[in-house]
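Quick notes on the structure that follows.
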Amino acid sequence: QTTIKIATISPLSGGQSNLGTQIRNGVQLAVNEYAAQFKKAGFNLQLVPYDDQADPATGTAAARKIAADNQILAVVGTLNSGVAIPASAALAPSNLVMVSPANTANQVTDRGLANMNRIVARDDSQGPAGANFITDTLKAKKAYVLNDKTAYGEGLAGEVEKALKAKGVTISGSEGTEEKSDFSSIVAKIKLTKPDAIYFGGIYNQIGVFIKQLRGAGINTPVVGGDGLDSSELPVIIGKAGANNVYYTTVAAPLEALPAAKTFAASFQKTFNTPAQGFGAFGYDAAKVTLQGILDAARANGGKAPSRKQVLDTIRKGTYKGLLSGEVSFNSVGDRKAATLYVIKLTAGKAALETSLSVKPPKN
Amino acid sequence: MIKTTVHPGAAAPASGGSILEVDALTKEFGGLTAVNSVTMHVPDRSIVSVIGPNGAGKTTFFNMITGIYAPTRGSIRLAGRELVGMRPDQVTEAGIARTFQNIRLFSSMTSEENIMVGRNSRLKSTFVDAVLRTRRFHESEHEAREAARIMLDFVGLSKWRNEIATNLPYGDQRKLEIARALATTPKLILLDEPAAGMNPRETEDLKALIRRVRDELGVTVCLIEHDMRLVMTLSEYITVLDYGTKISEGLPHQVRNDPAVMEAYLGRGAAAGEYGKEEASQ
Amino acid sequence: MSHLSTHLTTAPTPAAAPDTTGTPMLALTDIHSYYDHIHALKGITLNAYEGEIVALIGGNGAGKTTTLRTVSGMMKPRTGTLSYLGENIAGKPAHQTMQMGMSHVPEGRRIFAQLTVRENLEVGAYTITDKRLIEERVQEGFAYFPRLKERENQLGGTMSGGEQQMLAIARALMVNPRLLLLDEPSMGLSPLFVEAIFDIIVKLNKEHNTTVLLVEQNANMALAIAHRAYVLQTGEMKLSGKASDIAKDESVRKAYLGDE
Amino acid sequence: MELSVLLPFIVNVIIGGLVLGFVYAIIALGYTMVYGVLQLINFAHSEVFITGAVVGFEIFRILENSAMNGYLKLLLALVAAMIVSGLLNVLIERLAYRPLRGAPRLVPLITAIGVSLILQDTLRFLEGLQGRFDLTYTLPAGFGNKFCAAEGSTCAPLGNFLRTIGVDVQLKDVILVVVALVSLSVLNYVVNRTRLGKAIRAVSQDRVTAGLMGIDSNRMISATFLIGGALGGVSGVLFGMKFGTINAYSGFDPGIIAFTAAVLGGIGSIPGAVLGGLLLGVIQNLIGVTNIFGNLLGLANLGTIDASYSKIGPFIVLVLILIFKPTGLLGKSNVEKV
Amino acid sequence: MTVASPAKPAVRRPLVKPDRTIWLVLFFVVTSILLLVSHETDIMKNLGPLGDVLRNKVVEALVVSLFLANVLFAYLWKAANWAKLLVGIGSLLFVLPLAGQADTSLLDLSIQIMIFAALALGLNIVVGLAGLLDLGYVAFFAVGAYTWSIFASPRFSEVLKYYGANAGSTGSGTLAIGLVLTAVAAGSMLYIRGLHTRTAPTRLSNLSFLLAGFGLFAGITLVGRSVLVLFSGSAEAVANGINPGFFWLFLALSVMTAALVGVLIGLPVLKLKGDYLAIITLGLGEVIRVLANNLGLYTAGSQGITPIGSASVPWFNSLAGALGFRPEQYYLLFLYVLVLIVIAVILLVNVRLDNSRIGRAWIAIRDDEIAAQAMGVPLMQTKLIAFATGASFAGVMGMIFAAKQTFISPESFNLLQSITVLSMVVLGGMGSFSGVILGAAVVTLLNLRILPGLGEASANVSWIPQEVNPANFNRFIFGSILVAMMLLRPEGLLPNARRTRELHHEDDQEDKSGEGNASGLKAGGDVYSAGLATIKEDDKTGGSR
């Protein structure tokens, strides 16, 4: 039996380890599911997780190590665009394919690397979608845009702001903050400027705390965010009572909506003793794309273990159905061709589908 | 030959003028006037002493001269050049070196290295010289090492050359401090209680050393001491401070017999004849 | 000889020699102490009887300070026995020996620079809990050294060298020790205060029967007030005997007293 | 913009800063205590304090559905956090610092960092066993309410007044300030008025000599770590209560700011730490709203100083203050006689 | 009167190291073979179970570490010089690149190790020699990295475009004004400095100096702005960054910029003592990172700058090609060689400075600021030189780091990095050059090889539950190793001789009575700031009247 490995690169220790572990676990779940199929095809499937500590240099070093391990045929990762960019560049010469479950920054695929793909929406498609929602559904005339000063949050918020301005919405404030706990000055500013909507590009455990303090100050303005908010923890952090009027866009269907998603959530909980969140689902999907791609490539290779190049080409060309986030196929630079963005609304802590929008990358 | 580069003053005869002129120097710490308008002129190539009861302001006086404290008022001139406002290292460069009441040697350095630091300010080599190892660098290093050798010989500590300075016996540490200070080629050296912690025998050796500093190196010496035997036999001129104020000054026998000094400082044991015995024989 | 005689006339007279026949209060037997690899004490034997003033003299680096440190527990002897009040205290840390009625004025004064003069004294009385007694002793210290009272609230670190020395001594006296270890108490003091210090030592010894182990460079004075004396040289005990005999010894006079 | 809008705005920003400042202050004291006695920047203190926050979280979680009085729950959480954090701190000192007593000061600094890393992963692991990463406080009912909101309560007029001028103060903020003030005064008393405090200060200056005064320096150091840790525990619970959600890694940032506060106030000074904490809290918040004033005044450059700069505000203030007062606001100058 | 008997003299055994030439060569040969074989897939396939062992990631990490230990042993062991040279050059210039050909990650790893080694050497000057605790050291690394990245990436053309679009009234007139202002201000500053060496500074002269400083700043800003505006036309020409030929110029520029920033940061803060300095440098390090995160025009903010060019050296590339390297490895190989040379230079500079007047001055101020000053050592100047020298090492390595990564963003320059470098210095042995290099190697190997290796090796071991997979405990393991190493070897892995003496004699104020000696009886013990804030504000050193 030939051993085939796939690798993950994500932060497994440090402050973002919860998200990174979600990705790793999601991938693990997919690997567990596919192990039997691989076995049948004569392969011994394994997952090797790498910790990038959310640090670009560490991530690059991991990528180069992965490149040196010939049994690894594909990589799922990373969490941070800042790591994905140099890591994918380091993988590119060895034709090692990378499928990102989380990186939304435009630059990730704009460089046109053959090996870099992602199943999430780009900032410049998710951003305008969020902006559209703010103008069309929320009918906001004045918006306050916040970000977390990371590549993701700032990139996304930047796109939102651009789209909002284009639609004639007044931006009553636009700023970033690395603060994780105390938002009193921002809350005061919001109270002062009275926007109709707030957009916050960032991750749930920062935004959740912010919303809690916002609601605590008696401000009920709607808050909109991106897929970084897709977590069952969000309403817990905000507190059931205040978790109203919160919206986020994500590519993964609400876990309750899809039967597949339900089983995924259940087996995730069972295997890892922790509830699945957005990034777990994305990781799971990205892994399924990867694994299916490898299987396809092997089939095309006459049942023998495929080469990395074959895997890379197959994945870029393939179409993958039945994922938690629907159907995935990639355009020429590795962006997901068409995706449905679901807008989820929190009401009294309960997540429910508000609307769904279809988004496309700029190139096709 | 090198000796003269270390101490050019040795060759020159005493000029007879004042090398250090301190005028109306005052230091206040909050409400406390530690030094109160003290004036003192130190003749070139002399050995003078500052004495006075504990807390009289002697060390503070030294600290002002060496730039460690900024005076509240007053002026300090070395060979006519105003020193007030200079940093300690500038004062040293101008030509005043000192030792400390509580020994302050560089604890991770050998005796030799301690002295080489003392020589530092006289070396010509620069950062770039050090990196490129230019001729000037080698000359400087040689000079520093020579200075260390000469000074160690001078104070008789050659056997401790490579010993960590703070492992030396107490008395030798004091001498090492003197050697380090001399390596800066001072015109004037200030010694703060050089004989503290020495027994009478060792104090005798020290006395000889201080004389040689003046006679052989041509360095003017100003010292603070409580050992009256040393002070009275060594100094050519004595200034007495009490509560920051100069209460007396003059030649040793004058000071010794000054009732104010006896009252404030020498105490009941100060039988007038006692300390002077050796002075006559010198 | 002339210096000695003048000093002797000015030095206070010691109390009559105490009984030295019973068991000593403090007994060092064949003590070896090290600073890492430096062999500082090479088999020291020394006794002090209750009520005695014992002087310890020797040149620079002879090991006087090390001896006191070993006794007070600042350092542990590597071998040898050390008994105090009949108890073996070798290796007992300083804070425990201090609670057994010792007090040590260390070399270099070691004033708490950031505490005021009064606080320094109060810390010196740490083992006393009675507030009134502490206050009494503080006033006693002020009486010995009026300068300290003047500077009651000055930070210890800003005091002049001699003032710090006074403070160190006053601090050690706070507990009214049974055994007082003095390391060069007269260092840095003006002549007036040197005499005062010796007066105090004798007074304590006479009035409180305090045992004193005295290290002094001012050997003339030390030998004048001591009952017995030891002479140390490079970590070894060279001589021991009655102080007056030591003071007369030719070699001692030459080596330590500055006689030519 | 009229004053009637701007005034409550500014007041809110400052009040927010003050409350934050009290949290910093009390974290800062944990640093200051340890620093005072060992001259060690105890990098592990941020985790000691987060441990307190985790303990508080667990107590509130366990008692969530009990009918116990809210203040009693809080008291329980505080006490438990104090005990756990205090003992943890003592343990850390025993294992990671005490063996290094004689080493250069940077060495325990590195072990402190090591311990900090160890604790982060350990805390995450322990909570992870139960499937948790972010820990969200479930506060007793009413703590999150507006201060004195209930009509008819004795303080309702004050509450009404605050409401009319548009100031947001929640009950938990008031509780926080009260708890902080109480801990601060107790600490101040202990350190400056008691025999223990004097002994600790003596040990902090010279351990060997303190030994000569009969003081057991190791015991004093342990006591200091116990007190510092207990304060860390209190600050952890207050922190969790105030901001709601913490995780194993969230101690680091406030820890750094708190230490900055300690330095700003003068390392080793208790009132200094408090002053520094309050100042930094307020400054952080004021920097966060500088852009509003920039815009109002038409100063484009000020307009770009927004919340993203508030993290470095404290440091800039620190530089400015230390240039003029090199030993911090209330720090005693470090005197030694030359 | 009794006379005691003299004690026996202490016996000391001489320490002679046996010659280990043979062992060294043997070790070199064995580890080289292991390293090369384990990276040769074809051979590995035919090795059977041995291949499996070698493939194990922990074993692999160990092999790499052991191989690198060659260099260490060549340095440490007593052996013939030819053997030392053979092993040193052989492993660094032949075996390692050869293995790197098969496994690019080895090149990446080695470059990273040397980058950190250079950082550690730089920080060692600041902390280890001069005794100034700098917790924001990574700021200089960032400055170097951005200096190159801004110009060698599309950023530069963005900047030019921006200035082209926002020229305002800037033009050649502005340039002239700027140049004049700069010259006048710089001239007066030099003049006042010259004056100060001759006479004591007065309040007026200090004030004018400050004023001239502002003038200089304004002048340089004007010049910079007008140059950018004037060149904005060529934005298109540099769409992908400036000509790689400028790499060499920038190597010097990054050194200078970092040194300059070092001086600028140092000027206001180096007066502070000990931990005041520590926390303020920590803060300034953060300030630099936050600025990088906010000055989006120049740094692209959180999005980071990419792609960043590297030098292009055609002859080197053809050489590498001839040696069988793949094109995508050329730039790494080039950087590897470059970094080897740079670190050799840095090491040389370090050693030479240490044995010089300036090195002695550093140690002197570390031991006792007041005494040093009283011996004529100018405190500020000496500290600034330390700061600037340390910064310049970081600067040049920042540039190489940027070229290696091809992408940089502010995340790479956070506080944790500064702390990591500090831990390398302390772990290796403060003040010891070989020590801090070893410290850098150990920490980097741990972070990039050994810990990930543990994670990989255990990922598919069924009895290790998911929750305790070492990959999730990098911090825990790293922390434990830090603590353990420090407890076992507080003086560092390869301590500096001077440091050791100190550690065992003076430095501690601890009562070691329990251990039978009293190493620490002297007060002091303030390691990284031996100086004391002796002087109260109102009696500032050398202040004016």
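A few points about this structure:
Each chain gets a letter, A, B, C, D and E, in the order it is written, and its residues are counted from 1.
FYI, contacts are C-beta pairs under 8 Å (C-beta built on N, C-alpha and C of every residue); 3 or more make two chains touch, one makes a residue touch a chain.
Computed from a predicted structure; not experimentally measured.
Chains touching both chain A and chain E: D.
The pair with more inter-chain C-beta contacts, choosing from A-D and B-D, is A-D. Taking the mean of C-alpha positions as each chain's centre, the chain lying farthest from the centre of chain D is B.
Farthest chain from chain C (centres taken as the mean of C-alpha atoms): A. At the centre of the protein atoms shown, by the Cα-centroid criterion, sits E. Put simply, the C-alpha centre of chain C and that of chain E have 52 angstrom between them.
In this assembly, the C-alpha centroid of chain B lies 30 Å from the C-alpha centroid of chain C. Put simply, the C-alpha centre of chain B and that of chain E have 42 angstrom between them. The mean-CA centres of chain A and chain B are about 74 angstrom from one another, to the nearest whole unit. Annotation for chain B: residues touching 2 or more other chains are 29, 59, 68, 100-102, 104, 167.
Counting partners per residue, chain E has 290, 293-294, 370, 467, 472-476, 499, 502, 505, 507, 511-512, 519, 521-523, 534-536 as the residues that reach two or more other chains. Shown for chain C are the residues that touch two or more other chains, namely 73-74, 93-94, 108, 110, 158-161. Residues 2-3, 6-7, 10, 38, 57, 59-61, 108, 147, 158-163, 165-166, 184, 187-195, 217-220, 254-258 of chain C are the ones that touch chain B when the two sit in their complex. Across the complex, chain A meets chain E through its residues 12-14, 17, 21, 25, 28, 46-51, 53-58, 60-62, 64-65, 67-68, 70, 80-82, 85-86, 89-90, 92-94, 105, 107, 111, 149-151, 153-155, 176, 178, 271-273. Per the touch definition, chain B reaches chain E in the complex via residues 27, 29, 66-71, 73, 82-90, 92-93, 97-98, 100, 104-109, 113, 116-118, 120-123, 125, 127, 129-131, 133, 137, 140-141, 144, 164, 166-167, 180-181, 184.
On chain D, the positions that touch chain B within their shared complex are 337-338. Of all residues in chain D, those touching chain A in their complex are 1, 5-6, 9, 12-13, 16-17, 19-20, 120-121, 124, 128-134, 136, 144, 166, 168, 170, 239, 242-247, 249-250, 252-254, 284-286, 288-289, 291-292, 306-308, 310-311.
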